[in-house]
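In what follows, subunit A forms one complex with subunit B and a second complex with subunit C.
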Partner chain A sequence: MSTPAWIRPATLKEALTMRRDYNARPLAGATDIYVRHRAATGTLPPLEDRPVLYVGHLPELTSISEDGKGWLRIGAATVYTDILEHPDTPLLLRRAIEELAAPALRNAGTLGGNIGNASPAADAVCALYALHAEVDLAGHAGERRVPIAQLITGPGKTTVGADELITAVSVPMDRPGSFHYYRKAGTRRANALSKIAFCAGGTVLEGRLTGLGVAVGAVGPTIVHSRDLEVRAEGSDLARYRKLQQEESAPGGFLTARYMALISPISDQRSTDAYRRRVTENLLRDLFERTIPTLLSGKAG
Partner chain B sequence: MKNEIRFSLNGKEETLPGDPRRRLIDVLREDFGLTSIKEGCGEGECGACSILVDGRVIDSCILPAGAVEDRTVETLESIRETERGEKIVQALTRGGGVQCGFCIPGMAVSIESLLRTNPRPDEHAIREGISGNLCRCTGYQQIVEGVAAIEHVEGDNS
Partner chain C sequence: MSHPVEQHPVTKTVERVDAREKARGETRYLADIPFPGRLFARVVRARIVRGEVVARNTPSLPEGYILVTADDIPAGGKNCVRMIEDDWPVFSEGTVRYYGEPLALLVGPDRATLAHLTEQCERAVEFRQQEAALTIEDALLCRGGAIHGTDNVYCDYQVVKGDPDGAMAGAARTIEGEYRTGFQEHVYIEPQSLVGTREEGRVTIYISTQCPFYVRKAVATALGLPQEEVVIIQTPTGGGFGGKEHYPDVLATTVAVALTRIDGPIELILDRMEDLEVTSKRHPSRVRYKAGLDEAGRISAFDVDIAFDGGAYESSSRVVLQRGMFSSNSVYEFPHVRVRGRAVATNSAPSDAFRGFGAPQGLFAAEMFLSRLAREIGVDDLDLRKDYLLQQGSTTMTGGRIHEEVKLPEMLEHVLRVSDYRRKREAYAAAARDNGANGTDGAASAKPLGGIGLALFKHGSAFTGSGEQEIIKARVRIRKRADGRPELLVSNVEIGQGVLTTFCKIVAQVLEIPYTDVVYDDHNTSHVPDSGPTCASRSVAVVGYLLQEAAKKLKGRLHEPGEFEVEQVYKHPEHLRWDAGTLSGDAYPSYSWGVNCIEVAVDPLTWEVDVRGVWTAYELGRAIDEEIVRGQIIGGAIQALGYAGLEKMENPEGRFLQRTMADYCIPTSLDYPGVDYALFDNPYPWGPFGAKGGGEVVFDGIGPAYAAAVQQAIGREVTRLPVTPEYISELVHEK
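For the complex of A and B:
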């Protein structure tokens, strides 16, 4: 039997077999693959190297469910519109999706595709980093769950195995005290890739900060984040937070200085190194000098 | 091995001709003659190729035809025959919303998609609804005003 060009499996199990046997290219919304492999009008997109494995219809990959422990499990091929319409989607992810594209792209694009492409400018993936999302993968050896930051290793590079499929993404649902901070700099509100995407979230309850997540997109080869810095701030009340911030006398304090040391923006067709540095620093200062101290002092809203 | 890919097109059951990897815009324009669908940018930025898939607007220039298997596709050719579709066309033409006209079929499809879930959109919702459709002539104002003036059509969610 000749190698098929287009595979539409009936089940996830069959999809995994096809993935392994044909080294097939998973595709759901096609919003990235059909742009990158753009064809001239009336011709086939240049995808001859590998068969296409269409997964956008598989019920195993397109459902959203609560796990009973405060996490929301989103099927990897669920389109953004369905994630947006779900009542339990965390606000940070909702904000990123609202601003990432116009309705037509939200009706096709998926988290699984965005993660698989591993673009450092992917806004929704930036939100997933700040939420400490975990990604489910299935393969013939079984299933595994990996924190998003460990799955993505470079621009366009992930540790997804050649016989594996991304099946779902789990994010913690908002709870009392949850806050979110989302800012995007881009040329056009709809459909423009970000010059910078800035995502932060966490919980402030009874004057204490827990679960801080900070992620900055399009300022390095992968989305920039730091588990170490997040852990340094864990459990802080206002006094301890101020003390941490004073460990460095830079503008915006310790946290701003340390995050600035982690970014390595480049100049490309969308923006310049200098612009990205300046805007990132301004946003870090706004988050660490204004937003978080305000929340900790209980003066917010 | 089954080779036939079936889908619903403007209310009729059809079989997809040719390779499922073809762009849906090419299949609809060339094989089915549905020329309301325009190719502008060819990369999902401008919205001139907008169609409805399962009632939601999608850019047909970056969608493989095989992705619509067992799904419902609607284009302006069928939308404009409905009561609401007629109102959308009138709303766009009357207030000067149509100048060169190239973006208009896609614009009308996005407006149809919006009105199906939000029959009385405010200005913000209208601008959000057409945010994926680029118009280089009107500055959008006449389009937004035209849509805001559309009377709600009861019970037409076909």
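For the complex of A and C:
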């Protein structure tokens, strides 16, 4: 039997079979494939010699549900508009999606596709890092759940198996004390790619910081984050937070200095390394010198 | 938004002739028009920046495909794209001066095969590469050897008024400044498009263009044919902005050469990426000023040195440069002036016409230098400008006269009032003093930094100097058809600016008939006289006037039987004089005037600029249609805001880095607020119902107003466009 060019499976199970048998390329919103495989006007895009596996219609991949433990499970092929409109979507993710692409693209693009492409400038994926999202994968051998930061290993590189599909992304829902910090410096106001995407979130309850997540996009080969630094801040009250920050006398304190050491921005057609470095530092300082101390001191409105 | 003015009937807005078909998507652009048996074409391009072809190992082509090169140019023809000089070849004969220069044209029936063959042909060419010159400095140092002549200088002009040497030598103090602007791409919605064919034996080109007769001249020259043997038909054109002034000639000549081997029809439509990468751009500029002040602190001498990056071939660089030079004193009168201007050759795509045509570069530099002078002298920015404003009877920098009443003072007062400029300017200055201790470093505060800026400017309508009289010699005809309707026979075309409507309104107003009774739908060079190109803010100002005068000859004769025509030929107003040798006299027949004010808030964390308000006032003689003029004002402002703050195109290695519309960012409707405007009537005796040009002046002042606002917000001097967040962050971090 010859290899088909396009496959539209009836079920997830069939999709997984096709994925394994043909090494098929999963596709849902198709918002990136024409960009990556751009071809002369009036001609078909030259795809690799493997079939495209359409998964955008599978109900298992397009639903959003609560798991009963405070997490929201978002099907990998759910379009951004549906995520944006869901009442339980965490505010940080909502903010990232609101400033992502244009309405028409948000009606087609999906989180699963964004993760699979593994671009270090992906705005929504950056929010997923800061939320400590977990990704569900399905294969013939069974299912597994992986933290987002472990799934993506380099620009365009993931540990998704050749026979696996990304099926869902789970994020913790906002709860009392949740805060979020989102800034995108894009090439323009709308329908823009990020020069820098900056996401942070966590919870401050009774003067204590828990679950801090910080992620910076487009300043390195992958989205920049640090579990170690997040853990260092875990459970801090204002006094402990200040003590941590004083471990280095650099501007913006210990956390700013340590994050700055992790970024490795480049100059490209959208921006310069110097700009990316300065803006990252400004945003880190705004977060660590102003936003978090204000929250911890209970002065936030 | 608008401020009601007492309207002449011709100013009253009507429904645009083409509004419904365009809003409904019914207009057929070239790609929508079926041509039975159509073949496709792709340009085979050099994929190096500079060098010589060593070998062309052309692969064998499948049946039905042909490769057209310079060797196919017929005897009597010439391998050049005729513009002003004949230096730009249709096809490279071996020398490559810029990335993407055409080596050949491939023609065949299937687009995918063509795309594949084009790549194969391009890969098969071997080059000896040379070091490229990519900046004005590179060009003047002849980096890699001269590209053009012996010194890379296409033209070197000088304008002298009074005794600048004496005045500078006697100056008590001198102040200098240097200003730079970058490339800008036109991003017309419809890419460059044409179909070449033979109809009744004649080479016939259907084309998206601003200037059908330019295309005709270029095609006839390349093929060695009399111009009458070539037919150009303009198709509905999806935007031009100057990008379809000369560049269509570059493509049409390649297809015309192909038509010597094959009858066609042959379609050549550039892909968007190809269009972004290889077509002409706005000239980058470097402008140096030196002002001499006398003992009293008055500006006595004004010395300007302008260099424009003309790119790999001359195209219309010398004329663009002249307009840049004539804009370098903006709306001010100084007693002793020298302006030197050079257009230089680099290994970038040839720079060419772009809305404003050199004026935006000159005006940006002039306005920014004036604000430096004010700061250095220690006087208010606005007071300094008012001291030197041109007025009726003033002598211009070229020794011409300002013949019209200058309404700038009342326009300025209007803009100051509606923008609340004085109060805001002072409040932002006070806030900046309060911030002083902390500087503007983003880490100090997340509070936005406010600023407000102004620019005053003018734009000469029509061709420079005696160009209308000596070069264009425009001719229009109106045909009284057998059915009693007047039909306009002119070569000016609709490119989105509304000329289909404004011309009909002008003629209808004279004839006292409904504008919808006027016919204006023939855009074929063998049917209409040459009334000149659609550019230079000249369509309404010059051709509209000829139509008005022709219509007067038709008045009262519409009921006569049969068909007949009336004609009007351009005649330079007698009060104007011009010496092309010394560039002295009246540089333009008339000027349109403008005042722009922009308020911004700069984010100290990301250095992104939020435009809070745009206030404008224009004197365009008289608006022929308020809504059409409003469209120009808004469109011009947004396009210029893109130029001022967003649109960055760089070629540090020779190839443009920004090659997609995701990377070359033009503004969206979310980037800028609405544009407030006011129109000041000042009817011009040689314009139709008093109208002057309005298509370019609406672009000219936005850049300096934006830069002035950012300059106040960040407390650092801005000397470059575009003012990107990257540039702002550099300025702020330079201590």
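Keep this in mind: the second predicted complex is superposed on the first by the 300 of 301 C-alpha atoms of A that agree within 3 Å, B and C clash if a C-alpha of one lies under 4 Å from a C-alpha of the other, contacts with A are read in each partner's own complex, and residues count from 1 in each chain.
FYI, contacts are C-beta pairs under 8 Å (C-beta built on N, C-alpha and C of every residue); 3 or more make two chains touch, one makes a residue touch a chain.
Everything numeric in this text was worked out from a predicted model, so none of it was measured.
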Would you check which partner chain A:L193 touches, where first means subunit B only, second means subunit C only, and both and neither mean what they say?
second
Pick one for A:A30: touches subunit B only (first), subunit C only (second), both, or neither.
first
Who does A:R290 touch here: subunit B (first), subunit C (second), both, or neither?
second
Tell me which partner A:A39 touches in the superposition: subunit B (first), subunit C (second), both or neither.
both
According to the stated criteria, A:T272 is in contact with first (subunit B), second (subunit C), both, or neither; which is it?
second
Which partner chains sit in contact with A:P103 here, subunit B, subunit C, both or neither? Use first/second/both/neither.
first
Overlap of the subunit B and subunit C footprints on subunit A, residue-wise?
35, 38-39, 41-44, 189-191
Residue numbers on subunit A that touch subunit B, as the complex places them
1, 4-6, 8, 27, 30-31, 34-35, 38-39, 41-45, 47, 52, 54, 56-57, 81, 101-105, 107-108, 189-191
Touching subunit A in the complex: which residues of subunit B?
1, 19-23, 26, 30, 39, 42-45, 47, 50, 53, 56-59, 61-64, 66-67, 69-70, 110, 113-114, 128-129, 131-133
Residues of subunit C defined as touching subunit A within the complex
40, 42, 111-112, 114-115, 269, 271, 273, 442-443, 446, 604-608, 646, 650, 657-659, 662-663, 665, 667-671, 725-726, 729-730, 733
Considering only the defined contacts, which subunit A positions touch subunit C in the complex?
35, 38-44, 183, 185, 187-193, 195-196, 251-252, 268-272, 274-275, 278-279, 281-283, 285-286, 289-290
